[in-house]
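You will see chain A twice below: alongside chain B first, and alongside chain C after that.
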Partner chain A sequence: MIIEAGTHKIWQDFSLQVVSNLNFGEGLIHLKGPNGAGKSSFLTQILLPRLQNNPDFYSLYFEQQMQLQITAVKAYASLMKPRMRIESEADAVDYLLQDLLRVHSAEPRPSFILMDESLHAERVRDFLDKNIPNYCLVFSAHSQLFPEANAIVFKPISPSLSLVDVVTD
Partner chain B sequence: MLEEFILYNLDSTQRSVFIEEFASITDKTLNPKSDLDILSGGQKVLVMCLCALLSPASAIHFVNLWHSLDPTNRNLVKNLISRLGTGRQITYSEDKHDN
Partner chain C sequence: MSSQIKLSLSLLLLLTILALALVVFMDSLVIQLAFFGALTLSLLALRGFKRWLSSHRLILPFLISLSLVYLLFGILRINTQDGNPGSIAYWLQFGLGRVLLFVNSVLAFQLFFSLISFDELLNLPLKIGLMKYVILGKILFSNAFNSFGDITFHQSLIPSQQRLKQSFPQRFKARLSAVLALLLTLSRESRVQGSQIDNRITACHRGTSVGTGQWYQNLGFIVLVTVATMIIPIPIPGGGFFNFGDVMIVFIALHAGSKAGALAGGIGSAIADLLLFPLFAPITLIVKGLEGLLCGLGHKSSGLGRFLFPLAGVALMVGGYFLGEWALPQLGKAVAIADLGVNIVQGVVGFVGGRALFEAAKYLDI
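== the complex of A and B ==
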């Protein structure tokens, strides 16, 4: 999947300038940049809508503060069969991963997993390595979680504009 | 933002201090009607931290305070805590779910 180069308007007063086409294929992609540079907006306003509108892919998104997501997963898990009790963030993460595995096993498709400064990145990657071929894990983090990951850097130019570019070192 | 002001028991004076401090750090001016969803993750942490430090609480426990902050904002928050947290018991914990 490609995010085209150009200016992507995110909010009325904030845009992301993608310097060159961004290719999201298989592997690990680390979104880097300071707070407020647009990493979360890129995930939720550009990448996630493209994935959710494309039936050729599976997508899974772990939001930065999971409180609302946990509530939603709790409700969903309590209604589905077999019923599951979700007690913690880790439970919610595991439930969503198992859900991905279930649909992927029934009908394999390329899978995109988006994580926004999640505390669960390592366990998620471990699960994906063991269970899901052809996955792309896109994660934002302020630490070097996986040194082998390709990097996309967000650089604020002004309060209303950030540059987005791949790192080619 | 109003819910946060009420939740943290900030009076009108402390609300004004909050707005000034947040604007000086982020160049963003919030008001009681501001929607926090427009803030970045790091800025939300700043909101939480400032509200706690300006509240009348005698003890503050921060959970996962540093995880979503870049190095610049970590230093800013450390500065805020040392400046606004004096005379209170301040403790920290970090969840580590990956173990």
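== the complex of A and C ==
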């Protein structure tokens, strides 16, 4: 999947300027940059809309605050698999990963996993490495979680514009 | 003070329009046309063209199908009110009057709700024992509408939901799970916010007893029924609309008993009707209240009662609407006939879905 170079309008008064075409294939991609630089917006307003309802991919998305997501997954699981207990963030993450594995084995597709400053990145990566052959994990984090990941850097130019570019060093 | 005057005047205006258009001049096509024109112009001025147009999307299919039923009446030469066989021209003219009457009732309430806002209710000089319902109601409504979008977003990203082929039961369960997630969210929210309100009342209004907390659970259920009725209001040929309201009523009654079922069923559904299809509201208040009451008898009974009482409850709903609509002169037999099929589907979905939610919720903390 390619995100084209150019200015992407996110909100009425905020845009992201993608310097060169960004290619999302297989592997790990680390979104770097200060708070407010547009990492979350990039995930939810640019990547997710292209993945959602797209029959070519599977996609997962983990927010930093998972409370509502836990409730949504818990309700879903309790109707699909009664007695399945989902109480914590880890339970919800595990359910989603197992579900991904199940649909992936029935009907393989490239999988995109988006994580926004999630505490579960390592757990998710371990699972993906063991079970899912073709995946792309895009995560925003302030720490250097996985040193081998390719980085995309968000640099605020003004309150209404950030530059988005791959790191080439 | 100004809020009180504004509310009183708006209420007076609403009641006057309702009395004139829906009762005194209900059979006068000219007066109905005049009200339609006046209400439409007022709403255009108050809300603008775009919102005026979007508010009509919901009622249009109902109006078309109601017109078709009247055309059918004419073709079959069904007897008129005088007992003579009616011609197509008679029934079409009669039908046009009734369609306008229906539209006018919707427009009158839209006008009322565009004149006053929910916040103005907060300025009324109500005692805190009553005001707490308004305060928590407002919190829960906005929470429900905000979180439902996020719930469906997260559920759409569950891998099983991304598969191309899904069976009907699976799609139905997925829809149901959005309603269940809303139920979990709102019941948690009503507990947290309700007990906070009670704490403040204890601290700031000495001498006011706060009771047991039952009030916010019941209010949470009322809001849930309203929201479930409104969130997925798919208009159906024939009248009314298909929604998850009955699923919620059957569930609440089984889960919390007859009193909660009757309150949430009656009040929760009637509020939704006032906002969407006000002519049905009086029937809804009684019929859905009784539905909740009857379903709730299954709350404490054993296995078979948990089947039979909800089944009797939804059957009562179907029969109650049919008789109520037939008897109410503003609606009449055309609406009763047109609505019957929809209500049967609605009842079956309510029974199946409500029971499924009840079974699923046994393992959840609600």
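In this section, the second predicted complex is superposed on the first by the 166 of 169 C-alpha atoms of A that agree within 3 Å, B and C clash if a C-alpha of one lies under 4 Å from a C-alpha of the other, contacts with A are read in each partner's own complex, and residues count from 1 in each chain.
The rule is short, and it goes like this: a contact is a pair of C-beta atoms (placed from the backbone, for glycine too) under 8 Å apart; a residue touches a chain by one contact, two chains touch by 3 or more.
Here the structure is a predicted model, which means the values were calculated and not measured.
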item: Touched partner set for A:Gln17, first chain B, second chain C, both or neither; value: neither
item: Chain B versus chain C as contact partner of A:Asn150, first or second or both or neither; value: neither
item: Comparison of chain B and chain C by chain A residues contacted; value: C
item: Which of chain B and chain C A:Arg102 touches, first, second, both or neither; value: second
item: Which superposed partner A:Arg85 touches (first chain B, second chain C, both, neither); value: second
item: Contacts of A:Ala72 with chain B and chain C, given as first, second, both or neither; value: second
item: Chain B versus chain C as contact partner of A:Ala121, first or second or both or neither; value: first
item: Touching both chain C and chain B, counted on chain A across the two superposed complexes; value: none
item: Chain B residues within the chain A interface of the complex; value: 26-27, 38, 40-44, 64, 67-73, 95-98
item: For the chain A and chain C complex, residues of the former touching the latter; value: 52-53, 55, 58-61, 68-69, 71-76, 78-80, 82-83, 85, 96, 99-100, 102-104, 106-107
item: For the chain C and chain A complex, residues of the former touching the latter; value: 147, 150-151, 154-160, 162-164, 173-174, 176-178, 180-181, 183-185, 356-357, 359-361, 363-364
item: Residue ranges of chain A in contact with chain B within the complex; value: 11, 33-40, 64-65, 89-90, 93, 116-117, 119-123, 142, 159
